[in-house]
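Paired with chain B in one complex and with chain C in the other, chain A is shared by the two complexes that follow.
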Partner chain A sequence: MNSRSNVGWTVIGVIAAVVLAALWAAPLLWALSTALRPELETVSSDFHWLPQTWTLDAFARTLAAGNLVRWLFNSFLVALLVTVITMAISLMAAYAFSQLRFRGRSLLFGIAMLSFLLPFEALLVPLFRTMHQLGLINSYAGIVLPQVVAPVVIYVFKQFFDEIPADFREAATMDGAGPLRVLWSVYLPISGNIVWAMAIVTFIAAWNNFLWPFIIVTSNDMMTIPLGLTQTYDAFGVRYAQLMAAALLGAMPVALAYVAFQRRVTQGFLAASGLKG
Partner chain B sequence: MRPNDLVLGSARREGLPATVLLAPFVFAFLLFFLVPAGITFWMSLTESSLTRTNAFVGLANYHTLLNDPSFWDSVLNTFYFALLTVVPLTVLGLVMALLVNRFARVQGWLQGVFFLPFVLPISVMTLIADWMLQPSSGVINHILGGQRPWLADPYWALPAVAIGTVWWTVGFNMLLFLAGLRNIPADLYEAAALDGARGFTLFRNITWPALRPVATTALILQIIASLKVFGQTYILTSGGPFNTTRVTLHYMYETAFTQSDAGYAAAIAMAFVTIVILLSVLQAGIVRWLARRDV
Partner chain C sequence: MASVRLRGIRKNYGDNPVIKGVDLDIEDGQFVVFVGPSGCGKSTLLRIIAGLEDVSEGELEIGGRPSLDVAPSERGIAMVFQSYALYPHMTVAENMGFALKLAKVPKAEIAERVQRAAGILQIAHLLDRKPKALSGGQRQRVAIGRAIVRKPEVFLFDEPLSNLDAALRAQTRVELARLHRELATTMVYVTHDQVEAMTLGQKIVVFNGGRIEQVGTPLELYERPANLFVAGFLGSPRMNFLAASLVGEEGAIASVRLENGGLAEVAADAGSTAVGAKVTLGVRPEHLRLLRAESSTAEGIRGTVSLVEYLGDLTLAYVQVEGAAELVAVKCNSAAQAPAAGTPVLLAFDPFHAFLFGADGSAMPARARSAAAPAVSH
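For the complex of A and B:
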């Protein structure tokens, strides 16, 4: 009886796994199948699951027309700058919060953490105004700067630093090393894993950020991929093979990053949500 | 020397390095977070355009807000979207995690398939959804028959966006549950199996109690994320048809950036923040109440 019910659960599990996996893979596979067709086939009343004529034409046209390459470049530059700056200021702040004694430490940390409660979305109007006054609309600095405030990252690093035995720091301090030096040559090397994980997650989040670039960028040349892809109807018209090619090209960099660093990405997202992987 | 002097002494010695290390963060935090947060509140008490403040009007914006049917419609649309997404995202996330955990041989593949959409830009999801839901040559209508214009249909537009959102973001919840599952010691199951427990009994008595804190985290994060919906509806439907998909953040965006009524938009933002915080607190309370009753 018992073993029969276990077999039953396994069968249900296999069916559920196959159905869900198929449903979750289908949209991307369908996009690929569409992107590999000649444009005429996408609007033909004859329905086929696979292209009748296989062609890379849509990819070639997408790359040649419009601004896709420029948007990819912008996204890459913005995500890289956001990641490097966020890591630098968050590591320094987390080290101070975790290892140094100074007046107002818990108050400042508390205020920074309270900001979890306030969604970024509520700040759009004054942020836009500030950027307007600084003359940073349609600039890389304007896109990057508000994204480098990441209390979550500081929280994760502080948790990690808190667990490193104090002897490490004391030994280095005895040798007369200043805090920046201790952070750089003692703490950073043993924090490699978590720093990489948070860096990759920050990169992906910055690459995918839609809302802020949407507010701060109006010029087509300064758009990042998530924003640019919403302009593709203007660039390519309603040509679904090309639209799907654009979508897949825009998805490629982050998809590859995920496949290459699956473990780290997983670890990073878990750490950012307050859970350990 | 009293022990306190030691602490104060080191505080004095480490105050300067701490200032140096914290300066970049504090500067960015003030400029791009704390000050804008203060300005949002101040602006909500003024009559302002996008670039200049004209007059202090006290609570007038809030008075308008309470009597503005467009605002309340947008709140209802947001709640409806949350209703359509929170439960499926949490339940499916749990089911996916159980499946990934159960089938060890294909774990990497299965997890990859479920999680990949989450790392893609929002507009990749919307482009594909728009193509699949296309009335005449979309694959959904081919499978179901008919020519329903899903995204232009007042009844179907928001559920369609919700389904796209579930596909796009469920991987994150799966990840949370998976982490929870992996923290359950295997010997708990072995001991229970020796006692003859199987299948659902194991889930009810071991898996679910261990996962409850994770489920709480997932639910809170999910409700907040769903309330903050904007991109999906903005890109796929522009708030239409007949404003049936215009959510609160969309209404705030239009008020600020299309109508250039920044003071009123700030009041909408304040109301939005209040709603988000109230709901999080309320939900935390409900979860605690349920936990006490051991559900």
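For the complex of A and C:
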């Protein structure tokens, strides 16, 4: 009886998972299906799940027209810089909050966590003014700098560092390591999986960020992929196949990066949640 | 090698004092053991010597140099942690050579020193392994090896054997003693295990409540404890204590009356204690003899055997004595000597193997046998 009931729930669970996966994948598959059709077929009144004529024409036109390669490069550079700087700042801040004892530590950590309460949209105008005064409009620094403050990453790293026995820090201190060296040579390698997980999440968030680049960039050459896609639409009119091809090409690097590092990301989140060290 | 000198060391956590004024001299090449119950301040004092804790007050000299303002890595010390604290991402060789790498010692010299330390500790075959691939005992050796390669003037050990099983602990204890003979370096060792303290220490420092209770060699502490705490802390089972009142002193022998009305004699100088004052009689389990209660000639403290424990090499009998708060432990050399539970017995002892403690807990000076007439207990 009990065993039958378990099997029943398993079957229901599997069916639910398949349905949810199909719902999640449907738009993606539809985008791929659209990108592989001739442009004319995308506006045809006859509905077909699969292309009637298979072609890579949309991909070829997307790569030939517009500024896609430049936007890909911009997105990659911006996401990489945001990730590296965010990781560096967050790791150092988290280490200080977790392991060092100094006056005002709790207050500073509280302020850092309070910034959770401020939506990024509320900071758009002051940030834009600051960037304007610094002469950073239409520059990589202007796109990158406002994105490198990540209290949630600091919080996750701090929680993780809190769980690492202080003996490691003390042993390294007795070995002659200063705080930066302890962080670099001991805490960072020990925290490898969670650092990778946070880095991938930060990279994807920076790659997909639309709002801030939209505010700070006006030059076509400085646009990132999400911003560039809007230009693709304007340039081609309602050319759905090309739009979908551009979207897929834009998402592909980050999707590939996620697939490549999926195991580390999963291990990192498990480690952060305390389920597995 | 270096001496360590502590003067007036105090440490407070907020309003809570954990070290309440410690003066201590550790000589060059000496193996000193800090022992005491959990929370007595022994580990905190070790960490102060290591430079991992600041002091609220006091002075510290290592090798004759004032050291409180010196960075931990520059004090000429190395520490073995209770958890070993081996860096999990480094191999054994990298763990052992990390301090030398930070000190920018040439690679060839690092390799040579790591090999030499590994040879001493017989872990040369483990140098390429990561800590997770090592057993507890091997990790412990690597932790010691990491300390050795630095050629410190003082070794600090913070309960290094507490994570090992009983057999390995005994084996490693012997190896540590051998290591101290070979290296002839000052070693300070913290433990709450009195067996480790008695077997390893050339000098034992007994801590309690942030203060030093007594400093001495293992035998001095065992045979001449300064107070009730030290007497009760060293020895297993611990010394038996019986509440009593002083009846008088004749020659070298003080007489006391126990709570059950019986009289007992102790070779102690009770001259400064008033007759009738509350005292505590202390006798170690191995110095008590069990006699038949019905024997007309025997004299001793009356009681009833409550429990008998057979430990193989010896047998422990626990005797209930009227008026005593705790059972009195008696070591019997063989199971045959131990009466069955429920048997009425007499507890006898040599007055020269008993102790008398005043109301403040401090031991009254013991009398030597030559200074006293032969005495028996009643």
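As a working rule, the second predicted complex is superposed on the first by the 238 of 277 C-alpha atoms of A that agree within 3 Å, B and C clash if a C-alpha of one lies under 4 Å from a C-alpha of the other, contacts with A are read in each partner's own complex, and residues count from 1 in each chain.
In the analysis below, contacts are C-beta pairs under 8 Å (C-beta built on N, C-alpha and C of every residue); 3 or more make two chains touch, one makes a residue touch a chain.
Computed from a predicted structure; not experimentally measured.
J.: Counting touched residues of chain A, say whether chain B or chain C comes out ahead.
T.: Of chain B and chain C, B contacts more residues of chain A.
J.: With both complexes overlaid on chain A, does A:173 touch chain B (first), chain C (second), both or neither?
T.: Second partner only, chain C.
J.: So, does A:136 touch the first partner chain B, the second partner chain C, both, or neither?
T.: Neither chain B nor chain C is touched by A:136.
J.: Quick check on the superposed pair: does A:63 touch chain B, chain C, both, or neither? Answer first, second, both or neither.
T.: Neither partner.
J.: Would you sort A:95 into first (chain B), second (chain C), both or neither based on which partner it touches?
T.: The first partner, chain B, only.
J.: Applying the document's definition of touch, where does A:207 land relative to chain B and chain C: first, second, both, or neither?
T.: first
J.: Give every residue of chain A touching chain B within the complex, in rising order.
T.: Residue list for chain A touching chain B: 2, 5-6, 8-9, 13-14, 16-17, 20-21, 23-25, 27-28, 30-31, 34, 42-45, 47, 88-90, 92-93, 95-97, 100-103, 105, 108, 111-112, 115, 117-119, 121-130, 132, 145-146, 148-149, 151, 154, 178-180, 183, 204, 207-208, 210-211, 214-215, 225-230, 232, 240, 243-244, 246-248, 250-251, 254-255, 257-259, 262, 265-266, 269-270, 273-277.
J.: Any idea which chain B residues touch chain A in the complex?
T.: 7, 10-11, 14-15, 17-22, 24-26, 28-29, 31-37, 39-40, 43, 50-51, 92, 95-96, 98-99, 102-103, 106, 108-117, 119-124, 126-129, 131-132, 134, 136-137, 139, 142, 167, 172, 175-176, 179-180, 182-183, 196, 198-200, 214, 217, 221, 224, 228, 230-231, 235, 249, 252-253, 256-257, 262, 265-266, 269-270, 272-273, 276-277, 280
J.: Could you please specify the touching residues of chain A with respect to chain C in the complex?
T.: These residues of chain A touch chain C: 165, 167-168, 170-177, 181, 185-186, 189-190, 192.
J.: Per the contact definition, I'd like the list of chain C residues that touch chain A in the complex.
T.: Residues 50-52, 71-74, 77-79, 81-83, 85, 87-89, 98-99, 102-103, 146, 150 of chain C touch chain A in their complex.
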